[in-house]
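Note sheet for the following structure.
Chain lettering (A, B, C, D and E) follows the sequence in which the chains are written, and residue indices restart at 1 in each chain.
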Amino acid sequence: MDSELLVIPGDLISVKFDANNVVLGPGVCISKKDNESIIPTSAGILQLQEKKNQNYIYIESNNKRYIPSMGDYVVGTVTGVFGDYFKISLSNFQSSVILSTMAFPNASKKNRPNLKNGDLVYARVSSCFKDIDVEIECIDPTTGKDGGFGLLEGGYVFEVKLGYARWLFFDKQNPLLEILASKCKFEIAIGINGKIWLKTDDLKTTLACSTIIENCQFLKQQDFNTEINKVFKKLNI
Amino acid sequence: MSEGNGQEEMGSIRFPAEILSVVAPDLSLKRHLDLGLRPCLRKFHEFKNLTLNVKSGLSRYDGDVDGESVTDSPVLGSSVIKSGNTTVICGITGGIVEIANVSTTTTSDDHDDSMEYTSIYPVVEISRGKLNGAPTDEEMILSQQLYETLLHSKILPKKSLIIDNIALKTNDDTNNNNNNRKRYAFVLYANIQVFSREGPLFDYCYGSLVKSLQTVKLPFIHFTDEEFIINDNRKNGGNVKPEIICDSEAYNQLKINEENINWSLTFGLVNNDDGKETIILCDLEGHAEETCCKSLINVIIDKNLKMRYLNIVGGDENVIIDENIVLKTVQLAKNRVNNILN
Amino acid sequence: MPKGIDVSNVAKDFELESLKQGLRLDGRKLNEFRDVEINIGNSYGSVDVKLGKTRIAVRISAEIVAPFEDRPFEGLFMINTEISPMASAMFESGRQSDEEILISRLIEKAVRRSNALDLESLCIIAGEKCWSIRADIHYLDYDGNFADISCIGVLCALLHFKKPDITINEHQEIIVHPINERVPVPLSILHIPICVTFAFFNPNDVEENIKGDSNAELIVVDPTMGEELLAYGSLTLTMNKNRELVQISKAGGLSIDAMVIMDCSNLAYEIACRITDQIREAIKADDAKRAEKRLEIRL
Amino acid sequence: MNVQDRRRLLGPANASPIVFSDVKEKKSKKIQAKPDDEISKMFINTGLVKNCDGSAYIEVGNTIIQVSIYGPRPIRGSFIDKAILSTECRFLPYLSQPNDSISRLTSSTSLITNYNGKLNLSNIEQKISSYIESCFLSCIYLENYPKSSIDIFIKILSVDTNLLNLVNDVVHCCSLAMVDAQIESKDLITSGNLRYLKSNNHIIMDPKCKDKDKDITNEVVEEGKLDLVVSFMNSRNDEIVGFWCEGNDTLEDDVLEKLIERCNDMSKEIRKNINFYLIESLE
Amino acid sequence: MSSGGSDELIYEAKLSVLNRVDGSAQLSISSRKDLDEGELGIICSITGPIESKARQESPQQSNLEISVMPHIGVASTREKLLEYKLKLVLDRVIDSFEYPRQLIQIVLQILNKPNYEDDTTIGSDDMNDFFSLNDLNGCLISTYLALIDSGISMKSSFLSSCCIINSNNQLTTDFNKNDLINSKSAHLIVYDLRNGKCNNLIYSESIGEFDEQIFFKNVLDKCKKEIENLNTKVIKNCITEKFKNDYIWKA
């Protein structure tokens, strides 16, 4: 981490790039003054990536407050059932997002998904603009199938910080889920909004796994094993 | 409903100036500035006209020349400021408080711990057609600002309010009140009424407060053995028996620190179109100016044209506030204050 | 349920099922009170307390005022329990929710009305001047059980607080001696009431009037926020080390067997004793620290 | 516990208001000397306050009244077929309100805690408010303004007279403001006010003297004193829209008739003056 | 906890001190000269962007709700004015157009004040705390840190500093209540930061008798130095520390 550059809002980023080929991600903007220098708007670790001849610049930080972004996989709670849509809460105290009854596989006017208040869904952010309500969908638009989205039944849901959730979700090299999988069988749905749903065959194991995932966000990788053993032992599994 | 062919003409809408200043204040401001004018139609450095009246007829002693025509108003000093459409009426009333006979022993040779100066407790009320009496944020902030500003201006010495000569108005001479060592002081309250709220409100309220303070006269005090019952509006208790009452006529002028009499002026800073030049606007007025000028400079200048308070708010990131612009503003303020106070 | 926090059915069912199996999500036993962490500040009467993730700061202050007309021989004591959105966005600023009112009543009864603070000792000149003691509780972080932590915080701060020494001269004038001049005076605390809160859950998720083995309520002590959100009722017992019961307050719709309350009080007594000792020790440790510091300065 | 008002700077809690000994009789009389059958001069002005729809200002002696009218303005909520009229009269907080003793005899609680009806209004303020409201209710064409409200805000800036005389001036100030706000009304309301002393059958028009009721314990009880204010629509056949009587005696029918007659005369006199002012201000 | 400071003041700061809110920071400022004086302690929490109440919603920007809570007693008009001044600065630095119709809730709890025991025992109802510059200074720094912790979008970084000119014409950032009362003038200065250097003056408040020369030459220089010092010795460290903890699982 030491080699990575920690920036704070307002700093000048002294990185050379081709201005025409730059894609700005979260946490950076173009200075309004000279229209070319890139300025961070939040504190974090500056990330520069080159993909398909384009430069991606964004700031990585491990925050708590989720801000919806196009394509994110999220875990949400149904907070309202209306005629042709559901209201879904992705994060406490935040404006709810819209899940249309048509955004399900094989949905039609007659074939409505039957969700109740308090139900948990796994979905994908399908429309996200600042000035209008965010929409999510429980369908994989490329295949028209459920793609793993939809109602989450049983198990347990808990919250972690956002950077950690992203790491669990994106980083194929993260060792935690692998070690855990070697200990027990589990189903997991990781929301980029920091909510993780997890289900195993029995309650104790579910409790153990969720406790471990929650606790490991405050531990070094080398301590993961110890933590896992400790929790399993305490619960006599 | 016309059966349109879906080809409705989208005409441009023309707004009158006062509507435009509400729906698009930034545009309104910009268009005026381009013409070298302001939405209020004044020039950039032109102040609003101002009339000050300290014989408003509100005060107890206003009509008094020979001690013969004192009214029974509780107002000890007052003033009225009119500027543009705005009228600010300030009335100062008094209360009496027992000075706590609590003292601290301090061995340190430092200066006195407490300040030598005090302030007035102001309540600002802006009439704006709203029912119910809870003060708005603006009223609360103004009141607090007035309190703090007057205090820091060092105009009202604490000792001017201390009552040291209390005449004993008792027929019973045997009952010597000497063992009553209670000491009393006046406290001053200000009630500031604002009508037709417009323009630099703090400046007007502060002006009316200071002007009123200059007219305050404090009545003579007697002890009484009469059973007076009065209705105390501010307390739940209802009836209280005052131990001291004030003479209906005799008074002293309140001693204030005349040298520190000062005046507040607020300026707005905006960028003109090309962003190279910063324009100073005097006495911000109206919706467009008040919402769009996010960079402000508030200066308080005293009688001797010395700066007593400076508040720079750089709310607008496009306005660079440098030494030059501040100096220019302060100079404008000094000229204006010289006109008003001297 | 407070606005803004959405608990999914999945989480509810799981929590309840865990409780049935005697497991709590934070790994505690059902009858286990969280560890209390007491930090005493530099100023007298300034205490920070943590109970798990729940955290408060208490500040005691004193001033000289006139006593109430109908109680000329007593000083004043008031507790301010305003909860800001700092603790959680579920608490609105400037508006008291029902939960807040409940918490402030609990504390009021536990500390003020139980005469933990000897008001008569605050009298300076009868009918004229007395001390007014004020406890401001600042709620910083919320993970359940504000009642118990508030009580611990206020008592600890009251025990730690010292008011400046005063003398009255021949003119009935009060002279206050700053604390760096004369040794300040501690408050007179008559006993240390400690609150212990229990939360009740209905295992079958329906209210039933007749209790039996099949639907005996689940009881946990010192509930977390998650548990409070799920609970059907709560019971706060206030006790002191003399085994005196100061307050019983039961809220919520679930009916509770009288014997259950007996069991709860036994547990509450144990906890109250332990916490009382902890408070005493914290104060003692701070006294020792201060004495050492004074010695250092003298040397 | 006394709950501290955290939204105002009230100063020390133990401060008591200044109490003045009475202004000596001869001196107070001197300013207010006026024949009993004369109406005192008033200074009137309209349209001074800009951020409202109509305003008026009246100065009579040391009494100063300001009225602002907001309306007709749209209201939220469900449809109503005519405008809601509301009136709020406030004295500046430091003014001692006339006939305080009346309010104190009727309610032992103090002014601030009076929460019945409108928030924070004292008894006197409420009485004036409701008198004005009932006068104008019968005068304004409320049905012309559906789904709206018309709010009258009366501010007493200074007061140096008795209650009913003040009410008399308030009525005129409101009428002027109503004209300034161009609210459609049946007529312009004016009123007359007098004091009747039963013992010597004496009538004082437009009585400017203050009530001697500062002190309940040794109140000066004037036997057979009656104060009367009657408000009219003089262009509508002298219809009476308001009637308020305060006093400690009874009235015979014929005397009452006579008194109303005298009030009407006074009302007409004032109406003439107001008409004159309005015509002047048009030019 | 990162601590450090200048020759005159010791700052201690820590981020992410609270669990329920989205960003938080605790700050204390104390005098190096007189350790017995006690510290100014402030804790700041930020929640947001969250759903705004309908009546507070603004169509294009986020709405800032700022509450300052005193260490003793309830919030009064004094705190209202502090909140207003804070808002003047935060409106400039928070990128409020990024979160239209949303609410950002900022709570500042004053935990300690230097020598507060002395203040409260004097039984007067007079407002003892005449000067709010110190509080404003602490509030600004802790709000900045909490904002950084929350990840809320900002146009620039900022820090503040305050100083007095005492009766001997000396400029100092270390002063107690007495010094303040007897000072010739007192100043609070806020700058935005660019790469650790003071960039633009974004807020200033000066009370007392002073002239333009003193303000521009001495006061601004002194405060700039203090701000840059604070940034390099304390702020940077505690932000780095936060990120180390946040990404501990990567190590």
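Just so we're on the same page, a residue touches a chain if its C-beta (ideal position, glycine included) is under 8 Å from a C-beta of that chain, and two chains touch if they have at least 3 such contacts.
Only a predicted model underlies this, so the values are computations on that prediction, with no experimental measurement involved.
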Leader among chain pairs (count of C-beta contacts): B-D
Farthest chain (mean CA position) relative to chain B: A
Centroid spacing, where centroids are CA-atom means, of chain A and chain E in whole angstrom: 33
Interchain centroid distance [CA atoms averaged], chain B/chain E, Å: 28
Cα-centroid distance, chain D relative to chain E, in whole angstrom: 51
Sites on chain C at which at least two other chains make contact: 4, 64, 89, 129, 174, 176, 178
Multi-partner residues of chain D (at least 2 other chains): 7-9, 11-12, 14
Contacts with 2+ other chains: residues of chain A: 93
Residues of chain B that touch chain E when the two form their complex: 100, 102, 104, 110-111, 113-115, 118, 137, 140-141, 143-145, 147-148, 151-152, 294, 306-317, 320-321, 323, 326-327, 330
Contact set on chain E toward chain B in their complex: 77-78, 80-81, 84, 88, 91-92, 121-124, 126-127, 130, 132, 155-156, 177-178, 181-182, 200-212, 215-216
Chain E residues touching chain A - in the complex, by the definition given at the top: 21-23, 47-51, 93, 95, 98-102, 148, 150-157, 192-195, 199, 239-240, 243-251
Residue numbers on chain C that touch chain E, as the complex places them: 4, 41-44, 46, 53, 55, 57, 59, 61-65, 80, 82, 84-89, 93-94, 129, 134, 136, 138, 140-143, 163-164, 174, 176, 178-179
Chain E contact footprint on chain D (complex, rising order): 4, 6-9, 11-14
